[in-house]
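Structures are listed in the sections that come next.
One chain, chain A, links the two complexes that follow: it is found with chain B in the first and with chain C in the second.
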Partner chain A sequence: MKVKILQWHAVASWTWDAHDDACGICRMAFDGCCPDCKMPGDDCPLMWGACNHAFHLHCILKWVNSQSPRPQCPMCRRDWKFRGD
Partner chain B sequence: MGENLAMAMADSAASSAFANLSAVTQAWQLYVLRASAMLRLGSSQPSSPPVVDTEFDASVRVLCEQGLASLVVSYFLDALEKAFKQHEVANLWQQLDEYSRLKEDDADDPGKLNEWVQYTLPKVLSEISSAKLAQEESLRMLTRLIYHGTAGQAVEVERFLSQYHTAVSALLLTSAPQHFPEILNLFFKVRLEQFSKAVRQRNRKPPSGGPSGDSEDDASEGSENNNGEDDEMESMRSSHCTSADDMEINENPSENRETKQVDDTDEARDMEGVDFVAVSHLKLNAGAATMQEVAAVAGEEWVGGVSSVICNLRHIGFAALSEEGYASAIYSLLKAKIHAITNKRYEKPVLASVRSWIEAVPLRFLSIILASSGPPSSKSSSLTFPSPLASISIPSTGVDEIVKEGVVRWRLRLHFFAYETLGDMRINELFDIIVDYPESLPAIEDLRQCLTNTRHHAKLVDSFRTALRQRLLTAGAATTDILLQYVSTIKALRTMDPTGVVLEAVGEPIKEYLRGRKDTIRCIVTMLTDDTGGGGMAGLGGVGESLFEELSRGVSSLENVDSDDDAELDGDEAWAAAERWEPDPIEADPSRTSKSRRLMDIISMLVGIYGSKELFVNEYRVMLAEKLLNKSDYDTDRDIRTLELLKLRFGENNMHGCEIMLKDLADSKRINTNIKAAVAAELSQHGLAVPATSSDSVPLAGDAGYRTPTATVGLVDSHSQATFMQTPGSQTGDIASADGDRKLPLDVLEATIISSLFWPPFQAETLKVPAVVEGLLEEYAQRFHTIKAPRKLQWRKNLGTVKLELQFEDRSAQFVVSPMHAAIIMHFENQTRWTATELAEAVGVPVITLRRRIMLWVNQGVLVESHTVKDGDTVYNIVETMGDAGARAGGGAPSTDAALPLLGDEERESAVASMEDQWQQEMNVYESYVIGMLTNFDSLPLDRIHNMLKMFVSDPPYDKTLQQLQGFLGRLVGEEKLEFREGVYRRRQM
Partner chain C sequence: MSSSGYGQKEKVLSRIAANRLQKELTEWQVNAPCGFKHKVTDSLQRWIIEVHGAPNTLYEGEQFHLQVDFPEHYPMEAPQVIFMQVPPMHPHIYSNGHICLDILYDSWSPAMTVSSICISILSMLSSSTVKARPPDDDRYVRNCRNGRSPKETRWWFHDDKV
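Right, the complex of A and B next:
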C-alpha cells in the first residue's frame, strides 16, 4: 500500500522565543501584546537589548524616551542599547 | 267553598241590608252555577266565544250592586285556575310525558324522538295556548260586565288579566315536568340545525332569491370560493355574500315595514359602530333581518312553526324558559361549529368566519324568535330580555326596535361566547400551534383577538406551562428542539401579547430547565452561527438561519438597555411619550420594568437564559476555535461576518479573542502564500525548469484561497517536465518509494499559525509524525523563521487535517482525516503488520488512544484487527486487496467516493478543550487544598470545606459555588481519593 499525502494542513503556534514569559515592563505575556495594542504578532513586536533582555517594542520605547538622555535596561540597569545596533 | 263564601257574604251583608240577603244568596248561587258551566263549556270548545247569557249577567249585576265585585272576580279567577289546572295542564303534561318513554326506547335513534318533538310540541302548545286564550276572553267579558261604563274599565281589565296570567304561569311553571326544558331545547336545536342547513344549501347554489344585487354577489362569491376548500368554511365565507344580499333586500322599500326603517338602520349602525369596531358593514342590517328573507331561506312553514311555538310559549308564560331553550341550542350549535372548523388547523384565520356565521345563522334565527316574541308592551320588554349584556338602552317604540335591540345584545353575547370558546380551544392547543409557528400565525392572531375580549391571559399561562412541562421539558427532548420551540414561543407570544408579560411568565420554566442542560450554550451558539443549510444540521437550517438573521437585525439592543433614552427626547416628544404611557398589565412582574421587557429580542432572551453573556462568549470562542482549526482552506468570510454581528451585540472587548483568532487565519494564509512563493523563487533560481503556469499557480493558490490538490495535479501533469514541484502524482509516488527515503514537496503542507494565548486551551496530546512529514514541518518552520524572525513556530502536531489517498494493489481511496490517523496509516506503508504496542510506540501515543483511533481504518476496511495467540496483543494488518478484505474483514467496503467526508468526526474528540474540561482543570487546583485540609481535620462537612477554601485560597481567588464544589468532591470520591459518609468527607484510608 502506498500513502499519498495530498495535503497536510497543520497547526502551529508562534512564539517570540524570548526565553521568558512576560514583558518586564507591562507584565503582559510576550506572545500577547502590550496594553496599548490589540493585535499580537507583527503589530506588537519584541525588542531585545544588548543585555539580551526583551521587551515589547512599545513598552521599551516609552521607557527609553522617558529615561533620556541615558536610558538603562529596566531589568539589569545597564545602559540600554538595542541589540544588533 | 261556595258555602263559605256565602257565609262571609252573609256576614258582611247583615249589617247593611239584611233584607237583601236572600236575593244576594240566590244571585251568588246562580252566578256560581253559570260560571262553572261557562268554564266547562269554554274548555270543551276553546275557539268559540264565551256565551253571555242573561241570567249570569243579572246575577253579576246583583252582586255588584251589593259591593261584592271583587269577590265575584276573585271567585272567577279561582275557578278559572282550577279548571285550567284540571283540564289543560294535566292534558299538556300527559301528552308530553311520552317524551321520557320515547327517549328511553329510542336512545340510539334520535330521529324518531326529534320527529315526535317537532310534531307534538307545537300541537300541545297551541292547544294550551288557545285554551288560555278562551279563558282570558271569558275573564275579560266578566270584568267588562262588572266595570262597564266606569272610567277605569281598561285598567281594571288589564289588572285582572295580568293577575290571571301570573297565576297560570305559576301553575305551569311549578307543575312543569323536568324534561320540559329538555324538550324545548331539543325542539330549538332541531329547528336551528334545519335553518343552518338551509342557509348552507342556499349559499352553495348561486343566490337566486335576491331581488337585486345579483352581479355583485356572483363576483364576491367567486372570489370567496377560490380559497374555501372546506364545506363549512365555504358556507361561512359565502354567508358574507348572503348578508350582502340580505342587506339589499332590506333596503328595498317594498318590504312591509314601517317607513322609519331607514332611521332604525342608522341607529343600529351607530350602535354597532360603538361596540364593534372591526365588524364589517355587512351585518349592518342583520339586526333587522326580516321574516321574509329568513322565510326565503328556510321556507314559510318553518318560520311559521318556529314563531307560533315562540308565541305560544310566551303566551303561557314560558318566555324565560323558551329563551333558555333556544339560547342553549344556539350555544351548542355555535360551539359545535367552532370545534368543527378550528379543529387542529392553524393556517387559516377562523374568527372572521365565525363572526359572519353568527350573523348568517344564529342572529337571523334569533330575529325570528324575537320578532315572534313581540309585540311586547314597554313593561314586558324587560321580561323579554332578562339578561341584558350590554348597557345599551333604546327607547322601545315598536317591534323593530325591540328586535333590533335584542339582536344587538345577542350579538354581543354570541360574540363573547365565540371568543371564549375559540380562545379556550386555542389555549389548550397553544403548544401545537407554536410547534407550527410560522404557518400557524392566523391562529395566533385569532387567539390574540379572543384574549383581548376575554382576558384569559392567566388561564393561557397556566395551561401553556402545563403543556410545556408535559411535552417539552422532559429528558427525552433534544436541547435544540427545546430551543427551537422556545424561539417559536417567543415569536408567537410577541405577536399575541406585545407587552411581553405572558412571555415572561411562560418563558421562565423553559429558561430554568435549559439552565440545567449542559449543552444549551453550545446549541445556542450553533444555532446562531450555523452555516445556512450546511452539513449535519440540515434539519435545523431554517431556524438556524432565522436566528442568524435575528442576529443581524437586532443590533446594539443589549448595550442600550441601561441607558435612559427618555432623557434624549425633547419636550414635545417626551410629552407624546407620556401621553402614550400605559400601565403594565396587572399580571406583570413588578420587579421588572416594561421597557426591559419590550427591548429584549430573541437573541438577548436566549443569551439571557444564563443571565450573563460571558458564558456565551466563551462557548462561542471554543466553538469558533474548533471550527477554524478544522478548516483546510483559509476561508473565514462568514465567520468574520458573524463575529462582526456578535461584536455589535456583546461589545468589542468580549469578542477580542475571537477577532485575533480570525486574524491569525488571515495571517496564516498570507504567510503560507509567502512561503510557497519563496520556495518557487528558489526553485527557479536553482535553474530547475519550473513551468510558468506552475510557478504562477502557487501564489495563486494562496490568494484564491485553497486550491484543490487534484487541480494542481492536473495542471502539473500537463507539463510533464515538472518534477520536483509536483504534488505526488502516481509517477512521483513511484519514484519516491523507489528512493526509500522519499521527500514530500513543501507544497502539500499548509499551516494555520495561531497566537496561542488568544485561543482556548488545546487538548494536549503527543504525536510523532512520520519522518517525511516531520522534515516538511521543520522546513516550513525554518522558512517561517526567516520571514518572521525572530519568531518561531511550535507545531501542534495532533491538530489539523490531512487529505490523503491510499493506493492499494487493486484500488485507491481518498480520505480526509486527522494527523494522527494519517500518521498511523503511514506507518503501514513500509511494514504491513504492526502490533498495537509497537505502533503506539511509533506514533507516540498511549495504546488505549491508539486502539481507539485506529478503529477508523478498521472500519474503513483498510486494516484488519486480530489477536496474537501468545501475548494477547492486538495486531493490525493492512488489507491489500479487496479480496482480502472480503475474506477477512467480512466485506467492509472502503469508501471510494469523491465526496470525501471528513472521517472520524464523531469519534474524534474535539481538538479544543471544552468549557467543562477547562472547568475541571480549574477545579483540580483545589484538590491539594482539600486533601491537605482533610489530613489535618480528619473529616469535614461540605460547607466547612467551602468556607475554608474561600478563606485560604487567594491566588487565584476561590470563586466556585457550593454546588460546583460538591460536584468536584463527588468526582474525587469517584476517583477513590475521598470518601463521603454521614454528611462528612474524609480521606480514604489506603
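Right, the complex of A and C next:
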C-alpha cells in the first residue's frame, strides 16, 4: 500500500529545563521572558551559574554588572560564575 | 520636607521594578507573611506595613509600622526600610527608625522580597532578650539629623545574636 501525504500539520512545544518556574530576580516565568523583552525563547534566553541556579540572561547580567568585582549568586551567595566558563 | 525626607531620589520605578512590585503585591494579597499587614495606599513605590509583635516574645501585643521605599532599580538595589515612630526598643533599631540589619544593605540580594525582609525583621525582634536602644543611639541619630537615609550609613554588622 502506498500512502500519499497531502498535508502535514506539526505542532511542537518547548520549555526551559530550569528546575524552577520563575526567575528569582524578576519573578517572571522562565517560559515567559524578562520584563524588558517581548518574546520568550532565543530572544530572552536563560543563563545558568556554576552553582546551577538559572536566571533570565538579561536579569542576571544586570545584577552581575552592578556587583563587580565579586558578584554573588542571588540565590545561594556563592561567587557567581557562568556555567561552563 | 515631606515625611520621605531621606535624601532618596524620587525617581519613578523602572519597568522591571514596577512589574516585580505588582507581582509581590498580588502574592502578598493571597499569602501575606504572618504578623504583617500591608496598608493600602495608591503608591506602589512606598509601602506602609503594620507589624505585630509575635506571641511569647518581648513585643507581644505591640504594634509598629514599617515604611518601605523602593528605588528606581529595585530589585537590583535594596529598598529603604525604616520603622516609623515609635520604633520598637531593640538593640539594633535606632530611635530614628533606622534598622541595623545586613540584608537591607551589604547583603541584599535581588532574590529577596518585601515578604522575606518582613520575616527577617520579625525574627530579629523575636530573638531579642532585652528592650534597649543600641549603645551608640544618641551619636548615630545626631549624625542622621539632616535626613540621611540608612542606606548611606556604613554599617558594621558585628553581632548576629539578636
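By definition in this document, the second predicted complex is superposed on the first by the 77 of 85 C-alpha atoms of A that agree within 3 Å, B and C clash if a C-alpha of one lies under 4 Å from a C-alpha of the other, contacts with A are read in each partner's own complex, and residues count from 1 in each chain.
Everything below uses one rule, namely that contacts are C-beta pairs under 8 Å (C-beta built on N, C-alpha and C of every residue); 3 or more make two chains touch, one makes a residue touch a chain.
Because the structure is a prediction, the values reported are computed rather than measured.
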In the superposition, chain B vs chain C on chain A residues touched: B
First (chain B), second (chain C), both or neither touched by A:72: second
Which of chain B and chain C A:41 touches, first, second, both or neither: first
Touched partner set for A:12, first chain B, second chain C, both or neither: first
Chain B versus chain C as contact partner of A:62, first or second or both or neither: second
First, second, both or neither for A:26, with chain B first and chain C second: second
Chain A positions touched by chain B in one structure and by chain C in the second: none
Complex contacts: residues of chain C adjacent to chain A: 15-16, 19-20, 23-24, 73, 75-77, 109-111
Residues of chain B defined as touching chain A within the complex: 629, 631-632, 656, 659-660, 663, 667, 709-710, 727-728, 733, 737, 744, 748-759, 773, 776-777, 780-781, 784, 788, 790-797, 799-808, 814, 819, 822, 825-826, 828-829, 832, 878, 880
For the chain A and chain B complex, residues of the former touching the latter: 1-17, 29, 31-32, 38-42, 46, 48
Chain A - residues contacting chain C, complex: 24-28, 34-36, 59, 62-63, 66, 72, 74-75, 77
